[in-house]
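One chain, subunit A, appears in both complexes that follow, with subunit B as partner in the first and subunit C in the second.
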Partner chain A sequence: MADQENNKKGQIWAFIITGVLILISLLYYKANVYYIYLVVYIWFGFAYGLMLQYGRFCFASASRDLFAAGVPRMAVGILVALIFFSTIQATLASTNMSTFHPAPIGIQVLISGIIFGVGMVLAGGCASGSLYKIGEGNGTSILAILGISFGQAIFVDLGGVFNSFVPESWKVSSAAKGLPPDKVTSWFDYYLTGYVWDKASVQLSHTKAIANAFPGALKYFIGDSLLNALIPAVLLIIIIYAFYTRKGFLKKRSKAKGGATGFGDEVSGVWNMLTASKRTTIMGILIGITAGLHIYVMKGMQLKFGVNNFGQLLTRMGHTADVSIRGTVFDPGYWYITSQEAQFGGWVLQKFGWNMRDNVFFGVNNGLPELWRNPALWMSIGIILGAMVMSLMNKEFKFKMPKGELIAWGLLGGTLMGMGSRPALGCNIGAFFIRVAGGDPGGWLFGLGMVTGAFVGVKFFNWWSERKMAKEMEAF
Partner chain B sequence: MRAPMVILIIVVVGILGFLLVYSQQHEMTAAVQGHGGQAGSGGYGAASGGYGAAAGGYGAPAAGGYGAPSGGYGSAPAAGGYGSAPATGGYGAPPASGGYGK
Partner chain C sequence: MAMKFEKTGEGKFMLDVCGYVCPHPQIYCKKSLEKMAEGDVLEMVFDNPSSAETIVQMLDQAGHELLEKKHEGGKIIFRIQKA
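Presenting the complex of A and B:
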């Protein structure tokens, strides 16, 4: 009886939250029609939150389950989502309805991925995973997001002694770009403008080889989707099958059949692995489709208002203090996580008197809008609230206060995720999921680094737990 | 599936569906044209000064227009706004697709 009542209470709260979001959306629309652009981010964020929580989608869990317990459920779900998303992404690109853009490739992407991977395992959730876990009431994830937010904001603004470590070549290259000197003050500014901006960005469909071999729309499907996403994803699924489930599956099959197994059984084994957790796989498909739809709607909004950045709309509405010197704010045009958290951290520090606009990240590229006018930040809030609604619906919401060492892990892990995502210009979503699906091989480089870092993180945690347990046993 | 969950899904799908349809109706061009005048005359603050990192990015409307190529929002780049900065040696060249903002 009490359980039923709790369930009803949860459902009522879920509808109240949804209702409040609808009300907020209407108020925005009433304030100015341009805010509908921001409302798109709210509701796609909300949809991501619902699906992430329902499928329990998390890159950190995927790595931990795979490396520590040998359970491939989540890793496979992510690859399924990637397959669907890349196909939709290619369709959008072929119709000029994509907002995707590749990022510069270099060793920095791999190194950043490693730092990010270690961080997400320590924090117990990746960038998107930490957001949905906040929606479930996980206090450690709140600390992780705080770590990401402030870690990044401080990271991009560190100057002084840190600038003495900057190579001279970066300074020379940066100076040649003609940026206002008062905006190039931190080591990250030199790194970004003097190093990263000099690196090439690659999108397979735009390479000579692919564009010549497959003219027209086909280059997106063959180059970006098939070569950069589908084939590697299928290969990874086969590798995961071979290493983690094949042996057990074939043993069972052989026993049931009373004889040798063949190729058909191998195919059944892969299919069995894909459908072992229907919840995760179905959510993988839906997340892939939703992420594609999100791009389509954002592009539609940009065409509708004749802009390609929300900063232009903010300027039209008179909020010129929100935007960067380019007149822009952070507006990825698709699912993205970490930069808006950096803006949140930067906004808070700015309010405390720290000048956060004297750097390229905020001052030139992303601006520092008021929180309620920050489109991508609304997407993150949407993810949290969507996850909260789903967890309330399923009686999975419970506030858990972080205790003891979890406080340190959450903050440290979050800070490392922030420090990993900034130099790579993205996180597990922006630097891996979106890039790979969009035809940017650099996404795989970040993915490789992230998995390597996660592997190191899992090994470290195992060692830490065993050491702790041994100490406790000694005391006992 | 339980009824509350079905209602929730219907609400969310309905809102996303509305946004999808709304985003594809480009009759806003008329309103945009009004703002285009401002842009052409040097509006949008820094944009007219030429820090337009988006080589081709901001200029996109001018290249194709949304039914308002003459004097609309798209005219700003032609008048030395967003798009032309890189050509004059601005720092805009690297983020060709407007991408480094992250």
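Presenting the complex of A and C:
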């Protein structure tokens, strides 16, 4: 009876949250039609939140559960999402309807991925996973997101003694960029403008070899999708099958058949692995399609208003203090997580008197809009609320106050994720998922780093939990 | 906050990891089963829904039997027999 009462309450709350979001969307529309751009982010965020929670879709889980429990469900889910997303992304690129842009490749991407990977295991979720877990009532994830937010904001603004470690070559190269000196003040500014900006960005469809071999639209399908995403994704699925589920599956098959197994059984084994967690795989397909649709709608909005960044619309509405000196705010044009959280951290610190606009990250590139005018931040809020609605509807919402060791893991993991995502210019979504699907091989470099970092994190947790188990078993 | 792993009877064990988030419930579940003998039964109580999906697949792959699963006020209870 009490359970039924709670279920009903949960459903009522799910309707209230959805209703409030609809009301907020209408209010924005009434205030100015330009805010439709921001409203689109809210609802795509909401859709991601619904799907992430239902599919238990967390990038941390992909490598962590593989190493810790031998379970491939999430690794498979991500690869399936990648296959669908990259195909749609290639279609959009071939029709000039893509907002994707590659990022500079270098060793910094791998190192950042490792730091991020350790962080996501400690925090119990990746950047997007932590958001959906907040929606489930997970207090540790709130700490992780606070770690990501403030970790990044402080990381990009540290100057003073940290600048003494900056190589002279970065300073020389940075000075040649002609940026206002009062905006180049932190170590990260020199790193970004004097090192990262000098690195090449690669998108396979734009390389000479691919563009010459496959002229026209084909270069996007062959270069960006097939070569950079589909073939590696299929190979990884086969490798994961071979190392993690093949032996057990064939043993069961052989027992059931009472004889030897053949190629058909191997195909069944791969299919069995793909469908072992239906909710994760189905959500992988839907997330892949939604991420593609998101790009299409954002590009449509940009064409409709004749802009390529929401900062231009904020300027038209008179909110000039929100934007950077370039007239821009952070507006990725697709699914992205960490930069908007950095803006949240920066916004709070700015309110406490810390000058956050005297650096390239906020002052030149991303601006520091008021929270309620920050489009990508609304996407993050949408993810939290979408996940909350889904968990309330499925009776899975429960607020869990972080206690004991989890406080340390959440904050430390979040801060490491923040520190890992900034130098790579993105997280598990922006630096891995989107880049790989868009034809940027640098995404795989970040992915390799994430997996390596996750391996280290799992080793640590294995050691930690073994100690605790031994203590418990003393009483037996 | 502490996890609890107790022997509750002959061949019976209890693991309580309520409050713990990923990856702790799945790691503690795996380690608990490693400490038990074939045929022993583990009652596992946790409240992190994301862990459930992984644990179910982990049990299936290892051949352990999920005898019962139920929800009680935000908590998830699994009864698992070790293979």
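We adopt the following convention: the second predicted complex is superposed on the first by the 467 of 476 C-alpha atoms of A that agree within 3 Å, B and C clash if a C-alpha of one lies under 4 Å from a C-alpha of the other, contacts with A are read in each partner's own complex, and residues count from 1 in each chain.
Keep in mind that, in the parts below, a contact is a pair of C-beta atoms (placed from the backbone, for glycine too) under 8 Å apart; a residue touches a chain by one contact, two chains touch by 3 or more.
If you're wondering where the values come from, they're calculated on a predicted model, not measured in any experiment.
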item: Per-residue contact with subunit A, leading partner among subunit C and subunit B; value: B
item: Which of subunit B and subunit C A:79 touches, first, second, both or neither; value: neither
item: Touched partner set for A:101, first subunit B, second subunit C, both or neither; value: first
item: Contacts of A:475 with subunit B and subunit C, given as first, second, both or neither; value: second
item: Which of subunit B and subunit C A:339 touches, first, second, both or neither; value: first
item: Subunit B versus subunit C as contact partner of A:465, first or second or both or neither; value: second
item: Doubly contacted subunit A residues - partners subunit C and subunit B; value: none
item: Complex contact set, residues of subunit C against subunit A; value: 1-7, 19-24, 26-28, 30-32, 35, 47-50, 52-58, 60-63, 71-74
item: Contacting residues of subunit A [partner subunit C, same complex]; value: 2-3, 6, 56, 58, 60-61, 64-65, 68-71, 73-74, 121, 124-125, 133, 136, 138, 140-141, 245, 248, 276-277, 279-280, 391, 395-398, 400-401, 403-406, 458, 461-462, 465-466, 468-469, 472-473, 475-476
item: Subunit A-touching residues of subunit B, taken from the complex the two chains share; value: 4-5, 7-8, 11-12, 15-16, 19-20, 22-26, 28-29, 31-32, 35-36, 38, 43-47, 49, 51-54, 57-58, 60-61, 66, 68, 72-74, 82, 89-91, 94-102
item: Residues of subunit A that touch subunit B when the two form their complex; value: 11, 14-15, 18, 22, 25, 33, 36, 39-40, 43-44, 46-47, 50, 101-104, 177-180, 192-193, 196-198, 201, 290, 293, 296-301, 303-309, 312, 315-316, 320, 323-328, 330-332, 336, 338-339, 364-366, 389, 393, 425-426, 430
